[in-house]
Structures are given as structure tokens and as C-alpha cells.
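Naming follows writing order (A, B, C and D), and every chain is counted from residue 1.
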Amino acid sequence: MSSEQTNLKPKLKLAVYWGSACGGCCVSVLDTHEKLLDIVAAADPVFWPIALDIKYKDVEAMPDQSIDLTLFNGAVRNSENQHIAQLLRKKTKILVAYGSCAYMGGIPGLANFSGKSEVFERAYVETESTKNPERIFPVTEYPVEEGTLKLPKFFNDVLPLNKVVDVDYYIPGCPPQSERLIEVFTAIVSGAQLPPKGSVVGANDKTNCDECKRTKSENKTIDRFYRPWEIQDDKETCFLEQGVICMGPATRGGCGVRCVEGNSPCRGCYGPPPGATDPGAKMMSAIGTMINADNPEEIDKIIESIVDPAGLFYRFSLPGSILGRKVQ
Amino acid sequence: MDFRPKIVAFLCNWCAYTGADLAGTSRIHYAPNIRIIRIMCSGRIEPTFILKAFQQGADGVLVCGCHPGDCHYQEGNYKCLRRFKLLQKFTRQMGIEKDRLRLEWISASEGKQFAELVNDMTKTLLSMGPSKVKSSLEVEHLNV
Amino acid sequence: MSVRVHPELRNQLMQFGIGDWNACYHCGTCTAMCPLSEEGFLFPRKKIRLMQMGLKNEIESSVEPWLCYYCGDCTSTCPRDANPGELMMSLRRYLTSIYDWTGLSKKFYTSEVWEIGSILLIAVLVVIAFLIGLPAMGYSFTTELTSQGGVKINSFAPIHIIEAFDWAMAIVVGGLLISNILRMYYKIIWKHGHTKVTFWVHVREFWRLVFNFSVQPKFGKCDDKRYWFSHWFLMSGYTIMFIVVVVFLPWFQTEKILPPWHLQRALGYYATFGLLFGLLVAITGRMRRKDVKFYFSHVSDWLFLVMLTLTVITGILIHIFRIYGMPYATYIFYIIHMAVLVPMILIEVPFSKWSHLAYRPFAVYFQHLKTHAVPRKTKINSIN
Amino acid sequence: MEEPRIGVYVCWCGTNISKMVDVEAVTNEVKALPNVTIAKNYKYMCSDPGQDLIIKDIKLHNLNRVVVAACSPRIHELTFRTACEKAGINPYLFEMANVREQDSWVHTDRTEATNKAIDLVVAAIRRVRYHEPLQKRFVNVNPATLIIGGGISGLTAALEIANAGKQVYLVEKSDQLGGQVKKFDLTFPHLSSAQQMIRPIVQRVDNHPNISVFLETEIREVTGYIGNFKTAISVNGGDPVELEFGNIIAAVGLKPFNPEVISEYNYKEFPDVITSFEFEEKLLAGRILTVYGKEPRNVAIIHCVGSRNKKYHEYCSRVCCMAALKYVHQVRAALPSANIFEIYADMRAYGKGHEEFYALTTHRQIMFLMYDQQKKLPVINQADRSDNCNMIIEMDELLSGQSIEVPVDMVILMVNMEAQENVKQVVRAIGVSLCGNQFFIEKHPKLDPVATTTGGVYIIGTCQGPKDIPDSVAQARAAAARILGAIAQGSVPIEVTTASVNELLCCGCQTCIGVCPYKAISYDENNKVSIVNEILCKGCGTCGSACPAGAIISKHFTDLQILSEIEGVMSMS
């Protein structure tokens, strides 16, 4: 887009925030490289903790609906994440759950296999580098001479953004591909007709196999599953046909099949295709179908080679799945 | 109120559903805790359906198909079995007790067996208490 | 321990009157119907099975055929027309032949020539004895009448000779019967199943023998009580007559014409009526073939009935002719009477149908002994 | 999609439902639910006035969805669909809630039963909202028929169809026609000659202008669908011949059970222990002799060899009892003085003239000995010299409770009728299912015994299950009639609730292709998507569950419909 155009229009106000995130999503925005200049030309970042020193109180001071676009990355893990999510919702016209964590819970979402107490126990007592015989755990309020120190409350569950606030769009990926971000951004800036609220944008409707260059056939019966390091990949045949679980067929395209191009099976960060109610269940169903055995014992034996189905099929999506978390 | 377990059952049209109908025509009484959903073949049953039932508050989920070898669609029940086995591994990981999710073969002539199965499962669920899937999903955080 | 089947046994049994072998399909209706079949002694089905399979030893050691009184309920309710009642009857014939060590019984049962021939032979011998034997021994009869106008019967049939002959016949027949009963005991209690019964049990249970002989309570358990009555009437008449003739012959075969109310005549009339009534029921029954128990008649059944009837009728005639002073008629019918009676006693009692008078009560006795039987110690050859 | 306007009708079924379910309460409970335009209850919904009620309401209230809570949909779904159609709405915009067979008839607590009925009706309402109209479809029928198997049933069917003037392709694996019947001497219960029966039939088939016979030929692959099948066969290794036909009859027959696995019988160990099929050979040859060339004095016939025994086959072969009795007559005729032992587990004389035949046979001087299949099989041992016979059978005789020894010189084993071996290929080719005993599965065991779930494919004779000649012939003629009916019609209706691929979502992973039992899915190389041949598809939906991309729609059983139903049954708790 030319600078001339942007001059004609008022510049958009852009916010980027990280909740429970690794920072990769913020970096993906920077990974637009020279295109970042175009972004900055079209939009003013008004809040971006990784890049700008703007305090929460500054945001609170902004008028409602004054931010045009917020890319919220990271899951909601604690009361701080929740507070900012709600705050940004109030201040923002288009709130985008950016990246797998905000979309479905992401890698932090794996903490939903346990609960707060187990997380604390591990983090503050059990970790090999910790010595905490008094079992001191973080508390939300701690009185000191100067006053009361406050910490955000750590939630029991990791939540995707849409369980806390209303979300307009989702851009999946861990992190989202920078090219996809630019496409979406361009569309918003150009004022094009936007898809219905709640849509996943910056990703394809078809799943990854559509773009995958590996040879595929109908021969998808599996006698034993292999973890990627257990097998010499021939680099040509469909991973599934070699017995390696690749989430490709149940994962939206849009990433450019980068993992498979790098000879690693897809792990599903782009999430399920449209129509799938649950991110892992369709793949589980498909994989179950491929098991090449009829009697229960043989089936069990083959399933033994899928060591951790929950972690495998819901690597990026447990909090956003039907069950959401391990039963407590 | 005392606990009344609710079982969502997926029955294939040709064997299990017909078997359940037979229990009716034979007036074999069984526990009223089951809610039957008819599908054409157990091979159509997806993990999604079962997870959905648990999410909606089912205390137990029962899947019934034709006996091995008797599938109306040749081998849909084997496919069901394979998917079920994998799903079972997953649901166990997710902390859903094994007895809450059952796969049984019921033929069109096994009305009595079906009734016994429902009674048995109801009894088991009564002793286990309500499923915690739904309550686990009720998160505590909002409005902190 | 497994036992060998004897397919040929079926052909043997066939000669004793058994009809359709395989008609029975073992529904057990007969056993359920039978008022006499009881736990531990079930029949007829079980016995039919043994017959069908040719299990010789098991049949020969059976007491059950004798516990059946042939009411016919089994046969009339049999869905297969297998005729269990007659099969039990046939088994009794077979068992009679098995208990008999002389082998004559089998001959009589399986060969009409032998049976009728023997009867005729003995009859002829009796006639010869009267016509040639007695005169040769120096006896001669008189046509003179007694002071009362009766026939002097003892001049024709000298009382001591007839009595001696009666006793001799009773001893022979009794000996044969006793030896056969011992064989029956051996087969039922001792041989099969290797059991024994204590002496005390023998004594304690003995009353059953007497009771069953005199009252036939088992027959009374059958649904139709009329047959029990007619049979008991016949049997009591026969027994009285037998005792009177063998033990009290001088008192009975008297030349005096006693008043009708005299005990001797009263007993005689009772016995005669008993016999006649029983015979009438049996003969008309067998002729009408309406009741199941009379539907099937073996040669031996008819022979027995005819001979007994003849004996009774000739006995009555002797009585009448004697009282009315008709010596020739009396003597002729006396010969006929003896010519029928002697073969009947000699052949029917130890070897044929009439033997049941002994086997039946003994069977009940043995049945109860059997329930108290204990295993006999057998020598065990240990390998060491 | 237009806004659903749902009519809900709760049936009393006289007192069948109303006695245990408070139909009024159910009606009231669902009345106010979203999209429910009208909710009523009526004494007999399936009656003409009941149906008229629906039809009138559809027109009056402009309904576009109908829910009936009544008996099992397996009974009246079609009735109400037809009523909907009459009223001008698509029959598939209808859903039924089973509140009789699966509710009022099986529960005893009225409150619980009523709650359950409400759940089921709500589920049906939720589901029907997402129903979509589906259209009936037909395909044309090729008048030729392929018959696989040249035994009595295949031959009969061939003649029946050919006599009606239609082309038949008869394919036989072996080098001659006639099947098992050709190997038999006499038939039961009339003891008439099997040879005199089968030979003219074979001759007529051989000479029939409308029948093409292919001997020593096997079917490897069949493509197409009802009305339009295709196969390529190669005769004697020659060039493949392409055949096109509209219907298929499988008549691949049976295989005698091999009794070697039953150690008690020492088959193969003792040469005079032979199978019934081997005994037929002796009968056809005309003499019954032991391997020592002597006439056997004792002949035992053992029933249920490999039948009615969980260790081998649980099912009954149906014909062996009568065949065994037939042998009694044949042995008795040949060997008047021989001892014949019928060693049986149960005597089954179910057919016309069979009981009479059994009764007749019992007069043939034979000994019936019964054994208990489950407890102990008879054991055939070598006899000692002193036994005066060839072998001894030791057995526990059931009716007498005795353990017995039976002297024998020849033993005939009445072997079970097993399913034909190596039929996987045929099964795969024509798309039929095998039951646990490897017999072909019929479409409905009572109401449709010769059809299969694959349209245009029929199964007759012993490949469907053990049966005698009259039953095989009856099936053959039944299948022929079905096929001639379809040919006369010219076209046949096909399954409506099929699967279809949403090409916008299909990623071309091809997981679905191997999953389909009917080979209805193929891969479109050009568009790189899977496509469903909806003529072949039977609508089982397993591909829908296998598709990882959620691109396959199982019509009338979509994810959305089923998930809505799940939400429905759980919504009131």
C-alpha cells in the first residue's frame, strides 16, 4: 500500500497484547520484516508491551472503542490477563484472538491436564532448582511496610480468549504466519468486506494435505504408530502412511505446511477446519479408523504405540476443546 | 434430590436399536436413565458425539453396535471398536472413569441383554456418583 | 466304568413280546404319569432306554419291572405310541426267564410249541396216571354212593396218594421258585453294583414281603382301583384254595356232604367266586381290548387264563357232580381238573406268568433292601 | 435456510403410551420451545385421522418441519414421511421420537417415563431444525444377470431367469456344473436319486441359448452398482472377457467340515472313520466296504460333527440329521443284518416329511444313542482282538446316564456344512458381509432373506447358511423373481441418505477411500478431492466419521444434527 493512500485515511490505532504467551506471536508481528513499515504507516501502535512503554492506566484512560484493532495473543491464565482482555475489549473495535493460545489455549493450555495446586506444587516446591521447605506459595496480597503488594490471581484453568470476552476474529498459528497477518491487516486497512464475526481468518478452509507435496494414497492402514524419531522418514510419502501421526489432514492450511516441508509432521497449531466441533476428535476418529486390527487385544497393542493421545491430538487446543480440561 | 444418572446411548439402527425396540415389545422393564440416539451404523459414531454428551452432563455414555461379524454394513462395528479404543485411552487421560464409557454389542434379538445392560450401567453409575466433566468446566475466575 | 452295548439283545427281547423299539423318544411322560415310579426307582422310561441300548446287565439287575402293575396310564398317555406298559410287561417275561436257571422258562416264553407241548405232555401223563397208574397200583374206584348220596371220590383219587403228590409238586415248584428268587436276589443286590445288605435289614424289612404279598398295596396305588380289587379277590381265592388243597387236602377232599355254611364249603365258595370274578374281569378285558392293560396279549397270558378258568370250572363241576352223586362225571372231570391243574402249577408257577406271585412281593422286599445296600469291599490290586 | 416452523405431535397409542407417559405434560413442555409452531397430542397418530391432522396443520400453519413422538421409527417413520410428502413438504424434514418401545413399554415410573419422553421429543425438535430436504433417486437396470456358482441353487436361478428371456452369465469355479448335489447318491426324505435330479438340470443349463457358462472361472473384481455392474473374467487364462450386468446372484455353496481337528474321532487315524461326503462316494460306487474289503457288521453314524459345539461351530447344519437317517436306509438295504448305531446329539426333523422319515427310520432296527455335545464327545478307539470288531466307541449315553462301549467296524461322521473357503475375494468384489460363521449376511433375516445390503446383489443356497435342496431351490427362484421384477421395472430406487463430499473442505488425504465397505468413494486426481458415488453408497456414515477434515457429510446424520440431538436429550436436566 502506498503512503499516499494512508495519508488520505485517518491512521488506524493498533494494540498488541500478550496474555499467557511465549512472545512468539509478538515476534511474528516483527517478522513481517520490511512490511512492518507498511503496518506502522497504516496504523499507530497505541499499546504493545513488548515494544512500547505504555502502562495499563494509559489504556484505561483511552476512550472506549478508540482502538481499531487489537491483536490479543496468549491464553488467559490469571486475573491480569483477564483484566486486560476485558479492558481491551472495551477499548477496541475489532478484537482478534491472535495465535493458537488466544484461539484455543495453545501450549500453555496443556496445563489444563492438571490444576492450580499441582502447578504451584511443581513450580514452587518440586522443581529441581527450588528449595522451599516452608512451602511458600505466591499470594495475591502481601502486606509490607510500604503498603500492600498485589499479584494477579493465578487461575485454576487456562482459558482461550473467547471464554473471557467476545472475540471478533481468530488468527490461528503458533505463531501465525506473518504473511497471513499482513493479508488480514491489509484487508482491514483497505476497508474490504470483512467475513462474519467469529470467523477464523488468515487460514484456509481446506486442511494442510491440500498443500502438502508428499505423495498420498488410500493406503492408510497402520499396524504400528511411530513417534517421529522412531522412524527413518522417506521424505516423500505421507507421514500417516508411514505410521507417523501427522495432524495435517485435520488442521487448517495457511502455514504453508512448513513443518512437513521441514520433514516434521504437522502438530496442529492452526487448529481444526471449519465444521469441526472439537479440535482433536476428528483426528482421533480418523486415526482410530486406520488401525489395522479387528480384535480388541490387537487394537490395544497398536494403540499402545500412541503414547499420549491427549497431548498429541490437543497439543494446541485443550482449553478450547469440548472437554476443556482434565476432569477434577 | 437423589442422584439420577443420565446415560446417553448411541445405538446402531440394525442391531442395537432394534434390540432396544425388542426389549420394548417384550415389555422387559429397565432403568429409565437412558436416552437413546439412533444412528445407522456404529461406524458413524464419532468421538465428538461422545465427548459432547459428557460435556452436556451425561453421567455415562453407552455405544452399542452389532456383534462382530454381524454388521449390516460389513464392518462398521470394527471401525467403531477401533475408534472407541483410542477414544477410551484419551478419556482415561482426561480423568473420565472407565465405567462411564462403554461399548457393547447388542444384536436385534437381544432385548433382554440390552435391558440388563442398561440396568447394570445405571447401577454402576449410581455407585460412582455424578460425572464431574460438566462441573470441571465451570471455571471459577470470572469477576475476580 | 463303561458297559458294552448288546445290539442282539433287542432281538431276544422281541421274542418276549416287545414291539416297536425306537418309538420311544424319551420325553419322560410315562415316568411322570406313573403313580408307582419313585425316586431311585424310576420307570418306565429308564428301563426302555436300557432295552433300546441292549444293556443286558443293567436290565437283569432291575427291580423296577416288578414294581409296575400295568395300569396302562403310561401307554395311553405316550405321545409316540411306544407302549411303555407292554414294554414293562415284556421285561417281566424276560426277567422271569433270566431268573430261571433251568432255561425252561425261556423255552416256554419264546416257543409256543414248547409251552403247549409241555402242558399237553404233563396233561397226558396225568391222564395216564389216573387211567393206568392208579389201577396198576391196585386202586379201583367205586360207583357206589355214600350214605348222603355223594360220590365216593376218595375211591377214585385215594387221598393219601393225591396228598403225597400235592406235597411233592409243592416241594418241586417251591424249590424251583426259591432257587429262582435267590438268583433274583443275587442279580439285583449282589452282582450288580457290588453291594450287600446287613442281616438285620433283611429281618427288619421282611414285613414288606408279607404285606405286599397279601395286600398288594402298590397295585392299589394305581389310579383304577377296580383292578386292584379284582386281582386281590382272585389272588386271595387262589391262595386259600392253594393252602386248602396242599395243606388240608384230607379235610377238603372229603366224601361227606357238609352243610353249605360249613367253613370248608364257605372257603371253597369264596375262593371259587374270587377266582371266577378275577378271571371274568381279565378274560372279558382281554377280549374287549378296551383297557390298555388288556390290549396286548402274549400267548402266555391267554394260556394262563384259559388253564385257570378250566381248573376252576372243572373244580366246580367236580363239586356239583359229587354232591349230586354222579360218579362217572365226577371222575372224568377230576381227571380233566388234574390234567389242567398239574401242568398249570408245574409250568406257570415256576417258569411262566404265575411266577409273579413270588417275584412281585420279593421285588418290593428287594427294593427296600437295595435302598439300605452298602458297597461291598472288593479287592483292590494296588500297583505297589 | 428458512426459519424452521415445527409441528410436534405426541401419540397416545391408545393407552400404550398414555398409560405411562403424561402426553399432555409432554405437549405442554415442548409447546414454548424455539421454532415450535404447534404441539398437539392425539390418540392414534398413525391412523388416517392422525395423519390428516399433520397434513392439515402443515398447510394451515405453514409448517416446514414435523416431529412425531410415538412408536419406533422402525415401524412408522415411513408412514409419517409419506404424510409429510402428501402435505407437500420433503419427507426428510421429519423426525420421530421413540416414546413407546424405548419408553412407555420399558419403564414403570410415570414421572421418569414422562421426563424421558420430554427429553426425547426435545432432542427430536432440536435435530429436525437442521434437517435438509433429500431427493429420491433411481437408476436403470441392465437386464443381464451374473450368477456365481453352478450348484443346484445357481443352476435353478439361471434357468428361471433365462427362461424369462433374459441373459445369464453363470460362472463356476470348478470344471463342472452340479455342485454338491452331483456328489450325492440319494436324497432325503423320499430316497429319490440325486443324479436323476441334477443331470437334466445341468443339461438344460448347458444347452440354454440365454445362459453363458464359464467353467474354471473366478470373479476377481466387480465394479459398478445396482443395475450397472461390470466385471472382467478370463476363461482358461485367455483374454479377459468384459461382462456387463444389472444384478448379481452369489451361490458359492458350502464346504464340508474337516473332522481332523476333533481328536476324539481319530479321523485319518482310522481309515474306516469316514465323513458323510466320503460315504456318499461309497454309495455312488455301489458297495459299502471297510478298508479291509469286508462288509461292516457294525456301522455307527455320528451326528453333529463340528456342529452345535462352541469349540467348532455353534450353529446347526440342518441337513445332517436327515442325511444320517437316509444312510440308515441305505446301509440297512445293503447290509440287512448289520447293527446300525445312530449316535446323535439331538434329532432335528423340522421339514416337510422329515418327522415321518424319522419315524419310518426308527423301524429299521437301529440303535439310537444320545451324547452331550457340550460335556463329552464320543471317543473312537481301536478295538482289542477279543472285542470281535474293528473299533470301539466310548461314550456317555445321555438318556440312560450310562457310560457305554459301542462295537463298530465303520463310522460315518455327519460333518458340518461350513462356509466356503476363500470367498473373501468374491465377498469383497460384490460387497456383501460375512457373519461370524463366514456365511453371507442377508438384508433382513426374516423379511428379506435373499437380498443383501448391497443393491442388486442376492445370495442363495448354502453360502447364506446351511440348508437342504428344497430351501436352496426356493431361494434361487425367489432371487430370480426379485431380479426379473427389477428388470421388468427397468429402474430401481437407490439409497437417499448417502454420504457426500464437500469439495471446498476436502484436502484429498484419501483416508475415506479405504474405509468404505462398498467402494463408493474414489479420488478425483484433477480436483484433488474424494468423491462419493452416491449410487453405491449405502449411507452407513463411517466415512463421515473417518474424515479428519470434516469434509464428508452423512446426509440425514450430519454432525450438526446428531450434536443437536445430544444437546436436546441433555437440555432439560
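In this section, a residue touches a chain if its C-beta (ideal position, glycine included) is under 8 Å from a C-beta of that chain, and two chains touch if they have at least 3 such contacts.
Worth saying up front: this structure is predicted, and the values here are computed from it rather than measured.
Asks: Using CA atom means as chain centres, which chain is nearest the centre of all the protein shown?
Replies: Closest chain centre to the overall C-alpha centroid: D.
Asks: Hey, which pair has more contacts between C-betas, C-D or A-B?
Replies: A-B
Asks: How many Å are there between the centre of subunit C and the centre of subunit D, using C-alpha atoms for each centre?
Replies: The answer is 66 Å.
Asks: When the C-alpha atoms of subunit A and subunit B are each averaged to a single point, how far apart are the two points in Å?
Replies: Those two chain centres are 33 Å apart.
Asks: List the centre-to-centre spacing of subunit A and subunit D in whole Å, with centres computed as mean CA coordinates.
Replies: Each chain's C-alpha centroid was found; their separation is 51 Å.
Asks: Measuring centre to centre with CA averages, how many angstrom lie between subunit B and subunit D?
Replies: 27
Asks: Could you tell me which residues belong to subunit A and also touch two or more other chains?
Replies: 276-277, 282, 285, 289
Asks: Give me the residue numbers in subunit D that touch at least two other chains, ranges are fine.
Replies: In subunit D, the residues touching two or more other chains are 515, 542, 545-546, 559, 563.
Asks: What residues in subunit C touch two or more of the other chains?
Replies: Residues of subunit C never touch two or more of the other chains.
Asks: When you check every pair of chains, which ones turn out to touch?
Replies: A-B, A-D, B-D, C-D
Asks: Show which residues of subunit D lie in contact with subunit C when the two form their complex.
Replies: That would be residues 298, 339, 341, 347, 362-363, 365-369, 394, 397, 399-400, 402-407 of subunit D.
Asks: Okay, in this complex, where on subunit B does subunit A touch?
Replies: 46-48, 51-52, 54-55, 68, 75, 78-79, 81-87, 89-90, 93-96, 131-133, 136-137, 139-142, 144
Asks: In their shared complex, at which residues does subunit B touch subunit D?
Replies: So the residues of subunit B touching subunit D come out as 4, 6, 8, 13, 17-18, 20-21, 23-25, 27-30, 32, 35-41, 43-46, 48-49, 52-53, 56-58, 67-76, 79, 83, 115.
Asks: Tell me, which parts of subunit A touch subunit D in their complex?
Replies: Spelled out, the residues of subunit A in touch with subunit D are 205-210, 216-221, 238, 240, 248-250, 253, 272-277, 282-283, 285-286, 289-290.
Asks: Considering the complex alone, what residue numbers of subunit D touch subunit B?
Replies: 72-74, 98, 100-103, 105-109, 112-113, 115-116, 119-120, 123, 431-437, 441, 453, 497, 515, 517, 538-542, 544-546, 554, 557, 559, 562-563, 565-567, 569-571, 573
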